[in-house]
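What follows is chain A paired twice: with chain B in the first complex and chain C in the second.
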Partner chain A sequence: MLKNYLKMAFKVLLRRKFFTFISLFGVSLTLVVLMVLVALFDHTFGAYPPETKTDRTLGVLFVEFRSPDDHSMINGFAGYGFLDRYVRTLPNVEKVSLYSFPTTAVSYLNGAPVTSWLKRADGEFWQILDFRFLEGRPFTPQDEKDRNFVAVINETTRKRFFSDGPAVGKFLEVDGQHFRVVGVVPDIPILRIVPFADIWVPISTAKTDTYRGQKLWGNYLAMILARQRSDFPMIKDEYHDVLKRVEFPDPQHYNKAFGEAETLLDVASRAFLLERGYGESPVRRFMAWLILLMVLFMLLPTINLVNINVSRIRERSSEIGVRKAFGASSLTLVGQFVVENVLLTLVGGGIGFVLSYGVLHFISSTGLIPYAHFGVNYRIFLGGLAITLFFGLLSGVYPAWKMSRLHPAVALRGRG
Partner chain B sequence: MTKHLLTLVWNRRRANALVVLEIFISFLVLFAAVTLGAYYADNYRRPLGYSYENVWDISVGSLMEMISGDSATEDKKNITKRLLAALRDFPEIEASAGMDNPLFSIGTSNGVYHHQGRKTLASFCAVTDGFQDVMRLELVRGRWFEAADDALDWDPVLINQRLANELFGSEDPLGKNIGNPEEKRQARVVGIITEYRENGELFEPESYVLVRRKLTGVADDAMRHIVIRVRPGTTAAFEETVMTRLLATARGTSFEIKPLAQVRASFLRFCMAPLLAIGVVAAFLMIMVSLGLVGVVWQNVTQRTTEIGLRRALGGTATAIYTQVLGELVVITSVGLLLGTALVAQLPLLGVMTFVGTRVFLVGLGTSLALIYLLTLLCGLYPSMLASKIQPAEALHYE
Partner chain C sequence: MIRLSNVDKVYRTSQIETVALSSINMEVKEGEFISIMGPSGSGKTTLLNILGLLDVPTRGTVRLNGGELTSYRDRDVARIRNREIGFVFQTYHLISDLSVVDNVEIPLLYRRLRGGERRKLAREALERVGLSSRIHHFPSQLSGGQQQRVAIARAIVGKPRILLADEPTGNLDSQMGDEIMDIITSLNREEKTTVIMVTHDPRLAAITERIMRLFDGRQVN
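What follows is the complex of A and B.
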C-alpha cells in the first residue's frame, strides 16, 4: 500500500512541474537557513577535539562582585590571583587549569605588522584538552613554574612565521618578547573560545608579575575537570561555599562574590535570556526559545506550502471522488496525502542538504569567522531530517484533511 | 466594480484566507527587514564629524592590563605625556593626542548632563589638547582646549550641536556649566563642534561631550589610546619604528597600532554581517512567497475556466477578464496589508521600536507596502494573461 502511495506521489510530482519546483525550492532553502544555524550552534557548543571531555568539564567563566549596598557591581572575567586561590584549591576534582582570554599581540615580520591572538595558559591546560600535535609537544607545569619562554603555535602562525617548514626549536617575537616554539597544533576555530588562540604561552611569562596580586577581576578563566559527571552538583556546591569565604582586599567597595561553575552553554543561555542571576541551569529554557524561534521562522514557508498543496490537491478532486465512491475512508485519504507531502519534503530536504553543504563550505572559505571549518556531521544530519519531517507533516495535514472531507458527488464532478 | 470584486473575493473567503495570511506575514517580515535597512542607511549617510584617513590608533596597554590594572604602577605615571612627547619627534607625524574611548568599536561611556533642571544623557570621552588637529573636528563656535586650561578650577568641555540643542535650545551654551550642580568641580562648555560619532556611521548619532584631560602626572591620568595623524603616503613600515619607540618609552606596556581606516573597515564588516544575513533570509522568503503566489493564482484561474468562459460568452472582453483577475488579487493583498499595517501601527503606540524615528518608520512602511503590491501584481501578470486567453467555446465544454 505504502509502495502504491509512493508510486502515485512520484507521478503527481512529475505532473505539475512548476508546483513541484516551487515546493522543492521553498523546502530546500528553508532547510538551508536552519541547517546553517544548527551547524553554527554545533560548531560553537558541540564536543569537538580538543574539547573532548566536555561531559565532565566545568568552567569558571564569569564572576560578579558587588558592593555592600548592591549598587555597584563588576561582572567579567576573574583575576589570576582569585582563581589561583579559590578555584585551583577546590577539593574532589581531578584537575584545574587556569588560562587567559586571548588578547591581540603584535609581531613584526620584515617590517610588516602581524596581529596574533595570544593566550596565556598553565601546563594543566594541555592535560585537560586533547590537542593533536602536528609537531613537538605542549609546554608543561614545569615550564610554567620555571618561567620558560616557550610557545605552542597553530598551523597558520607556523605558515606566517616559518613559511610552513618545521617550527619546533625556532624563535618567535611576540609583543616584544621572544619565545621558543615547542609545539604546533592545527588551527582552532575562534568560536571555541576555551581553547582558541594563535599562540599559547605560559602564564608566568607575563611582562610583570602583578597578575599574581590580590586583584579579584582580570582576564582569567578556569577549567575544572571532574572525576565523573555525577560530581557536578558537588563541585558547584563547593564553589558556592568558597565564594562565601572570599577575603576581599577592599571590603568597603566590594564584599560579595557570585558565580557558578558551569558550561559554556549555560553562560550562552543566560546571556540569551538576559538573565543575570546565578543558580538553576537555564539551558532547557534556552533550547525551548530556540525551537520556538525556529518554528516562527518556518511559519511563512509552511503557509506557502499549505497554499500550494491545497491548489495541488484540489486539482485531483475527481480522483478523490472515485476513491471515496469506492469506499475509501477520510482517514485513508489523509494518510495518502500526508505520505505524498512527506515524500515531497524529503526530496526537498535532500536538495537542502546538498545546498547547505555548499553554503557552509562557502562561509568557511570567506574567512568571515577565522579558522571556522563548518562541516555536516551525523548530528546536524539528524537535526535536519527532524526539521524536514516536522515541516512535511505540518504542511500536509491541513490540505489533506480539507480535501478528504469533500463530498464524493461534488468531487466526482471535478469541483473543489 | 470594486464592490463586485469584493463580493467575488468574499464568496471564496475560505480559499482566500490562507493567501491573506501569507501576505500578512510576508508584509511583517518585509517591514522588519526594510525598516532595519532604512534605519542603518539613514545613519550611514550622516556626517561623522571627523576624518579617519591617515589617522592611526595606538592602544596603550593590552586588554588584560586595561581591565585588571595589572601593570607596574610607577611606570604609568606620566605615561601619556611621555608617549606623546616621544611621538612628537617624528616628522611623519603631523599631530598626536590621547583619548580614552576608541573610535569604531562597540560601547560608550555615558553620563547625565544638566542645565537649569533639564537633564539629558550623553556619551563622553576624555581627550588631550590637540585632539581636534588629529581628527580634524569642525568648530561651530567658541574655542578649542589650550595649555592654559591647566590652571582652571573647572573642566573645559566641547559639546556637539545635538547636545547643545537638546540641553540649551535657543540659549547660548558657551560658558555654561553642564555637570551635576551638586558637584564641586564643574564641567563648563568652551566650544561647540558640529558632530562626533564615536561608534562610526552605522550607529545613531548621539549627544556627545569631549572632556579635556589634564595630564598632571598621576597614574590615573593614563589614556588608553593615542591617535596620530601621519603625513599622507606614510607606509605601514613606519609602524615598526613607532612601535620600537613606544616600547622603549614605556617598558612593560603592550601596544597595538592600527590605521583607523582599517579599524573602520573591519568594524563595518563585523556590524554588517548579521544585517546581510537578515537581508538574504528576507529576500529568500519573498522569492518563495512570490513563486507560491504565482502557483495559487494560476491554479485559481484554471479552476474557474468555466466561470471565465461564461463571462466571455456573454460579451466580456479579454481586458475585462485580465483586470478582474488582477483586481481580485489586489483586493486580497489589500486585506492582508490592511491587517499588517494595523498591527505595525501599534508598535510606536506601544513604545516598541522607538529607536527608529518617525521618518524612517514611515519610509519602511511605505516601501514595504509598495514592494508587496508590486510583488503580487508581478505574480498575477502571467496567470491573468492566461485567463484572458481562455476561449468561450473551449471553456464552456470544460467538463
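What follows is the complex of A and C.
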C-alpha cells in the first residue's frame, strides 16, 4: 500500500511542475532558516567538547546585589573573592572551578600588536572541561597555587606566534607578562563562552592580587560539577542559603544578594523572557516560546502549501471518486494524501538540508563568529527532520480531510 | 439481493429543489442482468449510484442481502463497495498516472493483499478482458475500447457479486461496444455476476433479462 502511495505521490509531483516548484521552494526556504537557527542554538547550548558534562554542570554566571531599600542594584559577574568564599566552599559538589570572562590582551609580534582573548582560570577548569590537547598538557591546581607563569593556547594562537610549529616550552608575552606554553588545544568557538579564549593562564598570575579581596563583583564566573544531575535542586538550594549569609563589606550600600546556580541555557532563557526574578528554571517556557515562534514562522508557508494542496487534490476529484467506489474509506484517503504531502515536504526538506549545509558552511567560512564551525550533526538532522514532518503533517491533513469528505458520486462528476 | 423501497433523491440548492428520483421500488435478484433505460436527466445514473452505495437516498431504504445500508458507517460502506460491487463508468475513470496493471489493482489495495498476490489477480483480470499484453501501458496509450476493457478488469478483479455499468458502451463505436457487451454478458452467464446496466441503446437493453424504465425520476414500466 505504502509503495503504491509513494508511486502515486511521485507521479503527482511530476504532474504540475510549477506547483511542485513553489511547494518545494517554500518548504526548503523555511527549513533553511529554521535549520540555521537550530544549528546556532545547538552550537551554543549543545554538549560539544570540551563541554561534555553539561548534563551535570551548573554555573554561577551572574549575581545581583541590592541596597537595603532595593533602589540601588548591581547585576553582573561576581568577584573572585565572593566566588572563592561562597561558591568554592559549597558542600555536596564534585568540583568547582573559577575562571574569568575573557578579556582582550595585547602581545607584540615582530613589533606589531596582536590582540588575543585571555582567560584566567584555576586548575580545576581543566579537570571539569574535556579539552583535547594537540600538544602538551593543561596547567594544574599546583601551577595555580605556585603562581607558575604557564599558558595553554589555542591552535590559531600557535599559528600566529609559532607558525604552526610545536609551541610547548616556548615563551609568549601577553599584556607585558611572559608565559611558558604548556599546552595547545583546538580553537573553541566564541559562542561557547565558558571554555572560550585564545590564551588561558592561571588566575594567580594576575598583575596584582587585589582580585583576592572581598569585592563582591568583578569579572569572574564559577563552574560547578555535580556528582549527578539529580543533585541540582540540592545544590541550587544550598547556593540560595549561602547567598542569605553573605557578609557585605558595606551593608549600608548593599546588603542583599540574589542569584542562581544555573546553566547557560537558564540564563539565556531568562534573558529572552525578560525575566529578572530568580527561582524556577525558565527553560521549559523558553523552549515553548521557541516552538511557538517556529510554528508561527511556518504558518505562512503552511497556509500557502495548504492552498496549493487543496488545488492539487481538487484536480484529483475523479480519482477520489474512483478510489472510494472501489473501497477506499475517507480515512484511507486521508492517509494517502498525507503520505503524499509528507513525501513532498521530505523532498523539500532534503533540498533545504543541502542548502542549510551550504549556508552554515558559508557562515563558518566568513569568520563572522570567531572559530565557529557550524556543522550538520545528527541532532540538527533530527531537528530538521522533525520540522519537515511537522510541516508535512500540518499542511497535509486539512486538505486531505476536506477532500476525503467528498461524496463519491460528486467526486466522480469532477466537482471537488 | 438488493432491495430499494420508496427511494427519493432530491438535490437542493439555496434556490431550487430538483427531484432526481421519486418513489423508486426495486428488487434485484442474485445473478440477474437488468438494464435501466430512460432519456437524459431521468435519474438513471442517480439510481445506479444509489444501488452502488456511491450516493445516499433523501428518503427510503436500501437493503443489501437483508441489511439496511443507510445506517452504515463510512468504513463499513467502503468495505461493502470493495467486496461486493464493481463499477464500470461511461468515461472509464482510469487514473492517468497509473499503468494499466496499477489501475486494475486499485480495488485490491484496500484488501491488504500482498503485492505479488495483487499483481497476479490483476494479470488474470486483464487476461479475462484480452489485454494481458498491455499491462505496462498507460491509459492515454490505449483506444477507448481498450480503456473500457481495463475498467472492466478493474471492476471484476476483486470478484464482486454485483457489476454496475453506467453506459459502458456510450463512448465507443458499435464494434467496440459489442466487444464490451460480450465481456459483460459472459460475466453474467458464466460467473453468475449480477449486472445492472444503464443504457440508452434498446439493442443492448434487449440482451438483458429485465428492463427498468425511468422518466423524470419515476418508474414507468
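The criterion applied here is as follows: the second predicted complex is superposed on the first by the 406 of 416 C-alpha atoms of A that agree within 3 Å, B and C clash if a C-alpha of one lies under 4 Å from a C-alpha of the other, contacts with A are read in each partner's own complex, and residues count from 1 in each chain.
Definition applied: a contact is a pair of C-beta atoms (placed from the backbone, for glycine too) under 8 Å apart; a residue touches a chain by one contact, two chains touch by 3 or more.
Predicted model only: the values in this text are computed from it and were never measured.
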Per the contact definition in the header, classify A:Leu274: touching chain B only (first), chain C only (second), both, or neither. neither
With both complexes overlaid on chain A, does A:Leu2 touch chain B (first), chain C (second), both or neither? neither
Determine, under the contact definition given at the top, whether A:Gly321 touches first (chain B), second (chain C), both, or neither. second
Partner chain(s) touched by A:Lys11 [first = chain B, second = chain C, both, neither]: second
Between chain B and chain C, more residues of chain A are touched by B
Starting from the residues of chain A touching chain B, keep only those that also touch chain C in the other complex, and list them. none
Contact set on chain B toward chain A in their complex: 15, 18-19, 21-22, 25-26, 29, 62-64, 67-72, 236-237, 239-240, 243, 247, 252-257, 269, 273, 281, 284-285, 287-289, 291-292, 294-296, 298-300, 302-303, 399
What residues of chain C sit close enough to touch chain A in their complex? 46, 49, 52, 54-55, 74-75, 78-79, 81-83, 86-87, 89, 93, 95, 97-98, 102, 105-107, 109-112, 115, 154, 158
Residue positions on chain A within touch of chain C in the complex are 1, 3-4, 7-8, 11-12, 15, 318-319, 321-332, 407-409, 412
Chain A residues within the chain B interface of the complex: 18-19, 21-22, 25-26, 29-30, 33, 76-77, 79, 100-101, 103-106, 108, 111-113, 115, 175-176, 206-208, 210-211, 213, 215, 217-219, 299-301, 303-308, 310-312, 314-315, 368, 413-416
